[in-house]
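Shown next, in structure tokens, is the structure this report addresses.
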Amino acid sequence: MNQPQFFKPASKLTLSEVAALTGAQLADPAHGSQIISGIASLDLAGPMHLSFFDKRKYSDELHESHAGACLVGAGLQVDVPARIAVLRVANPYAAFVEVGRVLYADTLRPASAFGTEGIAGSAVVHADAYLEDNVVVDPLAVIGPDVEIGSGTVIGAGAVIGAGVKIGRDCSIGPGCSVLHTFIGNDVIIHPGCRIGQDGYGFVSGPAGHRKVPQMGRVLIQNDVEIGAGCTIDRGALRDTVIGEGTKIDNLVQIGHNVTIGRRCIIVSQSGVAGSSVLGDGAVLGARVGVSDHATIGAGAMLAARSSVVGEVPPNVKWGGSPAKPIKQFFREVFEVERLGREGGAKKSKPPGAGKEEQA
Amino acid sequence: MNQPQFFKPASKLTLSEVAALTGAQLADPAHGSQIISGIASLDLAGPMHLSFFDKRKYSDELHESHAGACLVGAGLQVDVPARIAVLRVANPYAAFVEVGRVLYADTLRPASAFGTEGIAGSAVVHADAYLEDNVVVDPLAVIGPDVEIGSGTVIGAGAVIGAGVKIGRDCSIGPGCSVLHTFIGNDVIIHPGCRIGQDGYGFVSGPAGHRKVPQMGRVLIQNDVEIGAGCTIDRGALRDTVIGEGTKIDNLVQIGHNVTIGRRCIIVSQSGVAGSSVLGDGAVLGARVGVSDHATIGAGAMLAARSSVVGEVPPNVKWGGSPAKPIKQFFREVFEVERLGREGGAKKSKPPGAGKEEQA
Amino acid sequence: MNQPQFFKPASKLTLSEVAALTGAQLADPAHGSQIISGIASLDLAGPMHLSFFDKRKYSDELHESHAGACLVGAGLQVDVPARIAVLRVANPYAAFVEVGRVLYADTLRPASAFGTEGIAGSAVVHADAYLEDNVVVDPLAVIGPDVEIGSGTVIGAGAVIGAGVKIGRDCSIGPGCSVLHTFIGNDVIIHPGCRIGQDGYGFVSGPAGHRKVPQMGRVLIQNDVEIGAGCTIDRGALRDTVIGEGTKIDNLVQIGHNVTIGRRCIIVSQSGVAGSSVLGDGAVLGARVGVSDHATIGAGAMLAARSSVVGEVPPNVKWGGSPAKPIKQFFREVFEVERLGREGGAKKSKPPGAGKEEQA
């Protein structure tokens, strides 16, 4: 990272201030006035950086680190070289992030890619749109009739906000997004290239082909949601598609029509949730999870990466596999199939009287 | 749905008109002049709504429904509360959809997101493009040289139509799409953010790296095709990529170069079809199906969600799994692996003389 | 392909020139002055086309071909009809591609979709951007402050290049892309709709919800990289996301924050690489491969389509399955599970004293 950086710390902190911010305890109070001006991992940190050390397996990085100060977990302090100021804290990574959030506050919500203030002259804003004060509209965005946008919100370059869409305050809509037939709350981040509110996929099939089913619903995105780049979220058919408060969605996720996603869910990249399914509050989908239509995932349930769900998953379980089942059961299946493959292979390749193993 | 709606019914219908439209039989002819002004599911319907009841498992919703009228399947009429007017019909959902298509005709093809009539002043249309009358071009769309667009077609905001592309009549190209090296028929819907006609993925690899193979073909999209948001369809290398008439593709689907998709196929979201593969007419790919290159899927074949195809699938079969095989065989494999996992787990966890099952 | 073509050969070649270009040997030197004006597969070729024949299974196409000349592999010459001029060469397809690269040189890098020369008047270029001579900027592209773009590069219509981004020479950035917080080398092709440089997916979760982790890194894309349509590449959190020289990425691929992709890797469509993972030089991911976070894939390792990687894959191996393992071991597992399904099914369906097989 010796090339120019896009983000610079907005301020500096003394280690006393770091301790106050994070609840950490400074091992040697004499370091209280030492200053840090950034955060960095152990291998990249310099004397002005705060780092963190929470697992003994990173001891090599710690011993070679040029960090000025380090947040250190319970029982790990003895490992730290004397040149590095130590701050003891229960969860070093969480504390490290809190400091980062203060120093790099401008990373917490995507800003204008053009440095725009107000509404760019090249943006096309319909006369019947209503924008509160302090909305930023980047060049060549399109804002349709009857749109309402709250103050502090940034509309990215080339984004398209369709007729009647409402967007709350302090949101960020990324470059190149399209948002149609949607109501969005406050503090929502939608990353570039998302497709939100287009028709769901519904047809009545017969000998004459597939007849399109009207999709009359909307998309409702509650406060504090974050949606990754390139996601597709269809509007509902007879009801709405809902993304609950505080839910965080990674890139390239597909959400079908009429889906209800609860609050504070985690949906990792390339997952898909088919029509009319319901995720309870706090449900977690690992990467590439597929949820079939009309499925129900209980609150707090966790689905391992690549699993696929049909029907119902109880609350607060860890499931995996396809079809998804309790994770231990899934692991046993994987184990037994691997054993079977080894034994079958050994049998097949063993000529009479010989003991050679087939080489993989 | 007590917030504002994006789609309102364009008209009202008497139940006699509903009966005539759908072939349904009004149980009590005295209700012939009763008026409905919308369609809704049983739980959301009010007295002005038509609903449908086709499965006894929705009896609770039926009994609590405020619907004014209901399309009801064979043998289900006795279940309907007296306050709800009954229309008997063989396929209640299909009839319900037909009524929806009349009342919400403006949902059947995506319209301008800006309320544009004609060509928006901010669109950039090349002097050598030819647009028939009654084409709508939304703000900030880009239309290249030698493009031809038929009447009734809507080009979405920010869409890019590359040099020489031809688009038929009554099509809808969504906001933010790019369409290059492509010919499109009539009545085609392409949802937002699709990427159509860019280079296929072809390289000749050697010690010096990967040399790009020229991609000289086109994409041909026949009449009445619908393509979901965020799909990618590459143009052919030495031949064309073809999407057959009446085929419906869901969101985030990838179609490689030289692929031929037959007529009236169904391809559910996040599926992918690799280069030079062929789908016969009416083939169905469930969600997340992967078809490898140079594969052939017979007409009418159905692939279960998440299956993956190598080689050839016969016509009119139901296959699943990876590699795909007859669905019963696949289900037996899943069953046997689950049994193996249970038995293996039981064996491992069984202490001598005890019968306790390991808890998942 | 009897409709208009988008790409026409820029020149003609004699068969002597073809031989010189490819190292092929003209079977009958009398054909040295014969002219070809294009390349085509055997079934589509006419008398002015050069084709290739490298596998006996295409003998039918060869015998019915109207090609004027054909590149033919070792031992296959005797099969060629007398009307087709023969050029013998070790690798007919590679030679065919070389000729195509000369005749259709304009396919090797995507050009302006609008026929633009220089900077389109409708593009929005910040006063503090620096573009070398001979940059092409298509209509309605947005180029932010402190951007630098090298000569010969084409910025597609509607693309958004965010503040501070650097792009080298002779690159092509497709229509509708967004590129933020990124440095790009020379000769890079980014196909339409890519999302590059947005925030990675990082949260610290607690009872109060998911707190966003600052993402301060960049994306570094080295020379000669090609990235397919609709890909998403997040910028790093504490370090950079790096795509190595000569790597080729297919459509709809997701690359998480802090990932390092080596040089000359191949990543086929719909694959995903989660945060902080590392691919060695020349690694190959088949279609739909999932690499979990903090995984390491050795140089030259090949992962079969649909496999998923956790942990470490050694260099120069062929692995497959989920979790990925040596490909022979994976094939044995597939074989054993298929056997188990057949035997289990046979057992279940066999009534006492009967020998009928259950029909799939």
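Every chain is named by a letter (A, B and C) in the order it is written, and numbering of its residues begins at 1.
The rule is simple: a contact is a pair of C-beta atoms (placed from the backbone, for glycine too) under 8 Å apart; a residue touches a chain by one contact, two chains touch by 3 or more.
As the structure is a computational prediction, the values presented were derived from the model and not from experiment.
Visitor: How would you label the chain A and chain B contact, same or different, if same means the shared numbers make up over half of all numbers there?
Guide: different
Visitor: To bring chain B onto chain C by a C-alpha fit, how many degrees must it turn, rounded to the nearest 5?
Guide: 120
Visitor: Rounded to the nearest whole Å, what is the centre-to-centre distance of chain A and chain B, using the mean of the C-alpha atoms as each centre?
Guide: The separation of the two C-alpha centroids amounts to 27 Å.
Visitor: Multi-chain contacts in chain B: which residues touch at least two other chains?
Guide: 140, 158, 176, 193, 230, 252, 270, 337, 340
Visitor: Touching residues of chain B toward chain A in the complex: what are they?
Guide: Per the stated touch rule, the residues are 1, 3-7, 39-41, 44, 93-94, 97, 100-101, 103-104, 107-108, 110, 113-115, 120, 122, 138-140, 156-158, 174-176, 189, 191-193, 224, 226, 228-230, 246, 248, 250-252, 264, 266, 268-270, 287-288, 305-306, 334, 337-338, 340-342, 344-345, 348, 358, 360.
Visitor: Could you pull out which chain A residues touch chain B in their complex?
Guide: Listed in rising order, the residues of chain A that touch chain B are 124, 126, 140, 142, 144-145, 158, 160-164, 176-178, 180-181, 183, 193, 195, 198-199, 201, 203-206, 209-218, 230, 232, 234-235, 238-240, 252, 254, 256, 270, 272, 274, 290, 292, 308, 322-323, 325-330, 332-333, 335-337, 339-340.
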